[in-house]
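Got some structures for you, see below.
Presented sequentially are two complexes of chain A, the first with chain B as partner and the second with chain C.
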Partner chain A sequence: MTEQKSLKILIADDNDSDRMLLSAIVKKEGHEVIEAINGAEAVSQYVKHSPSLILLDALMPIKDGFEAAQEIKQIAGNQFIPIIFLTSLQDAKSLARCLDSGGDDFLSKPYNRSILKAKINAFYRMRMMNQMIQEHAQQMVVEQKVAKKIFDNVAHLGCLDSDNIQYSLSPLSVFNGDIVLAERKPDGGMYIFIGDFTGHGLPAAIGAMPLAEIFYGMTKKGFSIHEILTEINTKLTRILPVQFFCCAAMVDLDFVEKTARIFVGGLPALYLWREKSKTFDKIDSSSVPLGVMSRENFKPDIQDIPMYDNDRIFLWSDGIIESRAKDGEMFGEERLENLFNQGKHQDELFNFILDNVDQFMLGGERDDDITLVSAQMVDIESLSDDVVVEKNKELGGPLEWSLHYELQSQSLRVFNPLPLVLQIVTEVDGLKNFSGQLYTLLAELYSNALEHGVLGLDSNLKTSGEGFAKYYSLRKERLDSLTTGFIRVILSHEPLNDGKGGRLRISFEDSGPGFNFQKMLKNEHKIDGYCGRGLPLIRTICEEFYYEGVGNKVNAVVVWPNIVENPKKMAGNYE
Partner chain B sequence: MSEELSAHLDLDALEMLKEIMEDEFSLLINTFLNDAVERIEQINAAINAKNSEDIRRAAHSFKGSSANIGAHVLQGLCLVLEDAGHNGDTSLAPEMAKRIEQEFKIISQLLKSNYLA
Partner chain C sequence: MTVSAQTNQEGKELTINISGRFDFSSHQEFRKIYENAPSDIHEFIIDMNDATYLDSSALGMLLLLRDHAGGDNADIQIVHCNDDVKKILTISNFGQLFNIH
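Let's turn to the complex of A and B:
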């Protein structure tokens, strides 16, 4: 029973007989008494003994009860220390002053033992409750810190600190539901993901963890933006309660082809700054948020947009647009758009936006929920090379094997075999460090086989912006209605030099009509479509590379450990 | 005697005080009596200085301890003086102070002979 607990109670009264009587009553109730004979002493006794309750006379010499109460409440801070004023002040003004200075109740003279007892018990319960709330709050902070730590281990910074990225994100943003992820792809490109979970606190943070894990895991394995989004959506739909979902945008930057593949699902339109014309394009949300649709019904709309070096994409959660000024007015889209029309240099735009939102909210409720990311299209050479090459590792894994893998039309429509193929190839330890180059090689050969071979697309289309869009819409159209055709992937590996090296043979054959590869090989410098980007790369890493038949079968031979070891330089050779 | 006693003092309250204070009851009464002399001096000083706020405070304080000791007549007189101080009307104050002093003499005598003997 809380009622029987012995408390430490401070009694401050300059009147000796009154103080003596009150002490006797309080002691009779089984409590410990600390005495003070004026306001100043009351404060110092409070600091010294930290009592659970204070009985304070209002009118005292050297600092009266009002001042003492104010000081004590200030010292106590978040901790609730009940103060009962000992007074028979009658006028409303004096009573109000007691409450204003931090008093919680009154006790009038003559003292009544049962009333005093009831009050002590009531405030004791209140204090306990308050303590519990404080403890819960502290516990929550501790838990959030732990959760944050776990989250940081899963959702590390990725490549957010790359030179071409600027971002603003509150350290505890995951508990506000915001998440920002970025990572380099095996082929040298970059994924940027921004998500805004409905709801706050732990539910949002819990949903963010598998999302981050899928994002990083699948990015590293070379999955496409479409596949990663599908996987995240499936996972979120399964684990999140109905009212929770994640508004998101994802960008796939290809620094070689100078394109962005963009998905916007439920977030405000993202802006694409065009450096040459100093204008911007808005890319509106065209998909449902993640975690709403079942796998079958999830149809992310991914737009292919050409970019030039120094063009810049701005992504945000609705935090900026919904920032409020003191009078409650929202920042709004119009203000945001105006910021882009003020002739700022693009390098300044990011901070210009943040400063303006800050200024707008001046005096308004401070909101740390501002999440903003910008990513610039750059020359791939300018990006730091974050592919860690592990050296001197004992090499092992399967060295003698072959694989024959044929995909028919239905599979070609719905399945991307590259992550699987890469996985198999990099089981060879000696090839692990070159997964980036190998992925690029495989991707190049596969997309040539699919797009030019099976789908019969003309690569010359891609030379103009307009044709570029047409190319991709045709690609989608033909792929969706594909009923015949195949791609045959043949891989084999053999050990060389007693297992200290090896030879990987890759061959892609498609059902297409082939092409005049003799002519292409002769006029290599004129070709900017078929293998245009891939050929120099292929030359660098392949010991052999040749076409067969009518040009619908291509062979590549990679020998390690003599593969060129600088992936950045490799990638730079694309153009 | 007992009639005069109950006219000035709350006997039930005093019984309760005895019960609460036990051995320290007489100390409490003596403390009150000593304090009271000081309070009355404060009241007179405030009246001489014509400081109505000080009059109010001193009367308020004395009123409280009188109430605690069961001196209900003294408590009532102090209340009248406190109100006068509060209203800034000090014309009646010297008269009230005199009556407070008289009443205190009476209860002081009653307490000494009935409770400290």
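Let's turn to the complex of A and C:
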């Protein structure tokens, strides 16, 4: 029983007889007593002996009980040290002062033995409880640090430190439900993801882990934004309890074609800053948050938006809009919009926003953490080449094989074969080093076969902003209603005779009417069928490249290890 | 905030009235109402006429009700939303899950 435990109790009273009397009573209860004859001594005895309870006379020479109590409480910090004032004062004001100065209770003289005993026991229990809470709190901090470490290993920085990204995120934000991820794609583009889990603490952190794993894993393998979102949504719907979900936004930046594909589900509108006109477009949430819909019903709305160099996308959780000033007023959307209406240079905007929110919140309470990310459209050459691939010169993996893969209209509507095809190709160890280039090449050939061949879209449309939107809405419309057509992919690989490399043959044939490729090949700088990185890339990476038939079949031959190794150079060659 | 409810349409429909702030504090109360509802109720109406605000845990509660009422087959209407309430439901695109008027 805790009631019978022997405690160390400090008794401070300048009146010798009172002190001795109390001391005798307390000792008789089985406790150890330390004595002090004034307030100053009470403080020094406290420091020296660290008792579990203090009985403190209110009026003493040198330093009175009120002052001593304040000092002791200050020294104790988070440690709960119960102080019971001993007083013959009876008026309400004096008794209240005992409590105001840090006392936890008072005991009137003359002492009543059973009350004294009961109070000592009650405060001992309280102290134990407090100690337990302290220990739990410490334990939780330790656990959070470890969990954070594990989380950081899963959700590493990715490419958040790229020159075109600025972000602000509290170090333990994952326990507040906020998550920010960014990673380069095999084709040199970039994905940026921001999520805000409902609920705080561990549930949010636990949900964030598989999300980060899916994001990084699928990004590396070349999956599309649509596929990654679908996978994350399916996973979260399965693992999160019904009432929890993740409001999210994801951006797919293409630095070559200068486009952004944007998804917003449940987060406040993102802003797309147009540096040239110093204006901004708002991109409202147009999808249900992640983790709510079943796989069949999940229809992420992804918007295709053309960008120019130095345009910037600003993403945030609701932390900024809902941050509160001292008087409880919210920062709100209007204030946020105003910050963008002051003609700031795009470099300054990020800090300008943070400074203003901080200024606004001075003295106020932080409701939520401020999570803010900005991603800038830049020339791909200005980005460090952190699409790192392990160098692998070995002649391992399957070297002699061929693959014939034909996708019919239904498959074309719902399936992206690129990650699968890339996976097969990079089983050849010697080609692993070139997965970025190969992905770009395959993606280029596939999208040409699909968009220009099967869907019959005219790439000239994409030259104006208006046409750009039209192009993508037509693409969606035609793809959704596609009932005939095919794309035939034929891949084969063989080792070179010298035993030091290999030859990969790629052929894409589509059901479209073909096109006048002779004319296109003559006007190489007025590239017709190939937008953006098109032909120049193909010329750098391919040993041979030629059309067949009416132009609906294209062949590419890649020989390694003699592939150009710098993807930046390749991408920069066009135009 | 308070939650109250009454059945109508010969006991086939349950109207839940929300007033004040709809947030985590009303979790128990809200759940009790739909869990104790008679089993032949197949239509729920959430009346937000007196609701001033909802937070993300209120959205979570609506999802719980939806799950209770049959998930994708649930018939739940959310009516009389003020602008603030409507905005929160719109950002989350809950119109895809509930009939919002």
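In this text, the second predicted complex is superposed on the first by the 556 of 575 C-alpha atoms of A that agree within 3 Å, B and C clash if a C-alpha of one lies under 4 Å from a C-alpha of the other, contacts with A are read in each partner's own complex, and residues count from 1 in each chain.
Assume a residue touches a chain if its C-beta (ideal position, glycine included) is under 8 Å from a C-beta of that chain, and two chains touch if they have at least 3 such contacts.
As the structure is a prediction and not an experimental result, all values here were calculated from the model.
Undergrad: Label the relationship between chain B and chain C on chain A in the superposed model as either fit or clash.
TA: fit
Undergrad: With the C-alpha centre of chain A at the apex, what angle separates the C-alpha centres of chain B and chain C, reported to the nearest 10°?
TA: For this superposed arrangement the angle is about 80 degrees.
Undergrad: Just chain B (first), just chain C (second), both, or neither: which does A:His136 touch?
TA: neither
Undergrad: Going by the contact rule set out at the top, does A:Asn297 touch chain B (first), chain C (second), both, or neither?
TA: It touches chain C, and chain B stays clear.
Undergrad: In the superposed arrangement, does A:Lys28 touch chain B (first), chain C (second), both or neither?
TA: In the superposition, A:Lys28 touches chain B alone.
Undergrad: Could you look at A:Pro268 and tell me whether it touches chain B, chain C, both or neither (first, second, both, neither)?
TA: second
Undergrad: I'd like to know which partner A:Tyr111 touches here: chain B for first, chain C for second, both or neither.
TA: Only chain B is touched by A:Tyr111; chain C is not.
Undergrad: Quick check on the superposed pair: does A:Arg238 touch chain B, chain C, both, or neither? Answer first, second, both or neither.
TA: A:Arg238 sits against neither chain B nor chain C.
Undergrad: Is A:Asp16 touching the first partner chain B, the second partner chain C, both, or neither of them?
TA: first
Undergrad: For the superposed arrangement, tell me the lowest C-alpha distance between chain B and chain C in Å.
TA: 50
Undergrad: Considering only the defined contacts, which chain B positions touch chain A in the complex?
TA: Residues in contact with chain A: 13, 16-17, 20-21, 24, 27-28, 31-32, 34-35, 57, 60-61, 63-65, 67-70, 86.
Undergrad: Looking at the complex, which residues from chain A come into contact with chain B?
TA: 14-18, 20-21, 24-25, 28, 59, 86-89, 91, 109-111, 113
Undergrad: Report the residues of chain A in contact with chain C in the complex, numbered from low to high.
TA: 198-199, 242-245, 247, 265-268, 284-289, 292-294, 297
Undergrad: Show me the residue ranges of chain C that touch chain A in the complex, using the header's touch definition.
TA: 56-57, 59-61, 63-64, 67, 72, 90-94, 96-97
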